[in-house]
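Chain nomenclature is as follows: A, B, C, D and E, assigned in order of appearance, with residue numbering initiated at 1 for each chain independently.
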Amino acid sequence: MIKIGVVDTTFARVDMARYAIEVIKEHMPNAVILRYTVPGIKDIPVAARNLIIEEGCSGVITLGWVGAKTVDKYSYLAMSIGLIMLQITTGKHIIDVTVHEDEADDPKKLVEIAIDRARKHALNLVNILKYGREALTRYAGKGLRQGVPSPGPIIP
Amino acid sequence: MIKIGVVDTTFARVDMARYAIEVIKEHMPNAVILRYTVPGIKDIPVAARNLIIEEGCSGVITLGWVGAKTVDKYSYLAMSIGLIMLQITTGKHIIDVTVHEDEADDPKKLVEIAIDRARKHALNLVNILKYGREALTRYAGKGLRQGVPSPGPIIP
Amino acid sequence: MIKIGVVDTTFARVDMARYAIEVIKEHMPNAVILRYTVPGIKDIPVAARNLIIEEGCSGVITLGWVGAKTVDKYSYLAMSIGLIMLQITTGKHIIDVTVHEDEADDPKKLVEIAIDRARKHALNLVNILKYGREALTRYAGKGLRQGVPSPGPIIP
Amino acid sequence: MIKIGVVDTTFARVDMARYAIEVIKEHMPNAVILRYTVPGIKDIPVAARNLIIEEGCSGVITLGWVGAKTVDKYSYLAMSIGLIMLQITTGKHIIDVTVHEDEADDPKKLVEIAIDRARKHALNLVNILKYGREALTRYAGKGLRQGVPSPGPIIP
Amino acid sequence: MIKIGVVDTTFARVDMARYAIEVIKEHMPNAVILRYTVPGIKDIPVAARNLIIEEGCSGVITLGWVGAKTVDKYSYLAMSIGLIMLQITTGKHIIDVTVHEDEADDPKKLVEIAIDRARKHALNLVNILKYGREALTRYAGKGLRQGVPSPGPIIP
């Protein structure tokens, strides 16, 4: 029985977990999904840690929302370092979905970014968990993006 | 018997611990609250560490105050990295309340931010400790803030 | 039997791994090359970790692509810290090839940078793995670059 | 027998250790003071580590001096992260006194800052070592500063 | 038999190791010097690690060269964090000589900086290794610099 963790925050302005969970359920119907909600992005690493270490999750998707100020970006940096340290300690993938408040002026646009990014990265996690290190190799260097249009590969 | 740690500083200009402790006592009257006061934010991680490792606290709330200069923000970043590393080492939540001196020009406004943020994050900590990883899930993606007005979720 | 890891991303806009693998195969025809593709640069450290710890790779080359925004640079910083921590934990070289979207306005130029950098750093990795700590000493202080023209040593 | 470490640098332009040691001797006449001098701030963490791990110091005060350039501030950040990681590994307080070259234009003012900061933080360290986690609690939220005037608490 | 490590890069535009080695040989004629050359500054920490852990070096001097761009400075920050973490793990001094491409417009000036800095820090390392934690104490607070003129102590 495979367990997959989903970490989200009350700070976020879109319920991204809903979309991530939909994708995971569709592609891994037998997986057990464990959700963990924390206040903000700096609380995400400990939640991911507990899902992996205490609950035995094989992989985690985290859904963060970052404010527009410089200190918010520093919080993002601290979270990113923490999640990377946790991954190299445990060997488990933690796919980090982050939406930045300043990615778009229009809130409706932010929703689109958030949903698309959550869906596509949930699929990335599923594929890595199901098919391993070469699951995404056919897309290597293809210039894929999540939440925004993919520029695609540069054709020399 | 559950122990909860409260870390604060002499640098801060508001006694935030008082408000955090009020909330914890109200919602967890049987909890033992251990307070640890340090000079400034860079001293907070070792205090949180000692409360968790030496004193057996199940969770910690830290109450930091950050100056307006670039180096103050770097100190904030270092503290944040330290608290995250400590959390992923111990598995214990350390809810980090931070007030930035440049969040408001009016000192009275800073007091309001500090008190509200301390109270709301104390409640966040209480809820996670009492009800676990889904305690806050009903608020996931709801755009909650502490100390400033909550923008709420984006309605697509 | 020596194993060499190659980590790349779907975010990158050039299939740099192809060029790195060509070079490795040419200079170490008996090496087993293990490829690991992840979504973006923040996923690179765990892939490198798994190639070293789980698969027994003696060295890894990582092929990252970094956006032009400030937060992309913070992601680059987090990845770099992670790769360095992993290297000082394992003692294995992880040669980090990174192309920054803002290194050139012309996409064709970016392709040239990417290919040259991947090739030259693949050769660096090969030489360190084959000949050890003094393999590159004859080039020490020679002002070598990858992907851009080498300024060469300063002649006093 | 309690041992206290004092780390300073040849980069600093004021012999801050002299003032820190005066304060420690005055308040803890039986303490053994071990001094460790290094070139610059990036060498401070290993000195603090050796004083704690090899020499058995119960606490350390570090006296750093930081240049005005951006890279100097990055060195400050790296040092701060290192000292915090060391503290959460050992549980020992390392009170970090830092003077920034750009805190004042007048060198005489820098001397005043350095001496006052070294003295006051030496006293902070003494109090924490002698009286524990609540030694400073009576000053919590009081807006205390070292080297510059204390703004004091905000009176709502 | 004492072993001393010297790490340098092919990226650097001056053969700083030559000058560092000269100084070490002059002051510690019986020391065994182990050299390790890597492509760039982000590869320095693993080389220093291998010299300490695998080869048994008692101390290391690293000779880095940093580009002028913001991302180069982030690489510098990542390297600095790595070297500090390695030092607090091993207890061995790693004296970090860094020349920044933007320290001078005139390449001849950069050579002067590089040579002087390498020499003076090699001597710092030698003195710490030979005479221990108080070797440099007579210069504490003396405002010493390497590669640029020393401002000296501030005379109050």
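Rule of thumb we're sticking to: a residue touches a chain if its C-beta (ideal position, glycine included) is under 8 Å from a C-beta of that chain, and two chains touch if they have at least 3 such contacts.
A quick note: this is a predicted structure, and the numbers were derived from the prediction, not measured.
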item: Any chain in contact with chain A as well as chain D; value: B
item: Rotational angle, Cα trace of chain C fitted to chain D, multiple of 5°; value: 145
item: Chain B and chain E: spacing of chain centres that average the CA atoms, whole Å; value: 40
item: Averaged-CA centre spacing for the pair chain B and chain A, given as whole angstrom; value: 25
item: Set of chain C residues in contact with two or more other chains; value: 77, 81, 85
item: Complete ring sequence of chains beginning with chain A, oriented so that chain B follows; value: A, B, D, E, C
item: Touching residues on chain C, where the partner in the complex is chain E; value: 66, 73, 76-77, 80-81, 83-85, 87-88, 91-96, 100, 121, 124, 128, 133-137, 139-146, 151-154, 156
item: Chain B - residues contacting chain D, complex; value: 8-18, 34-39, 42-43, 45-51, 53-54, 70-71, 74-75, 77-79, 81-82, 85-86, 89, 107-108, 110-111
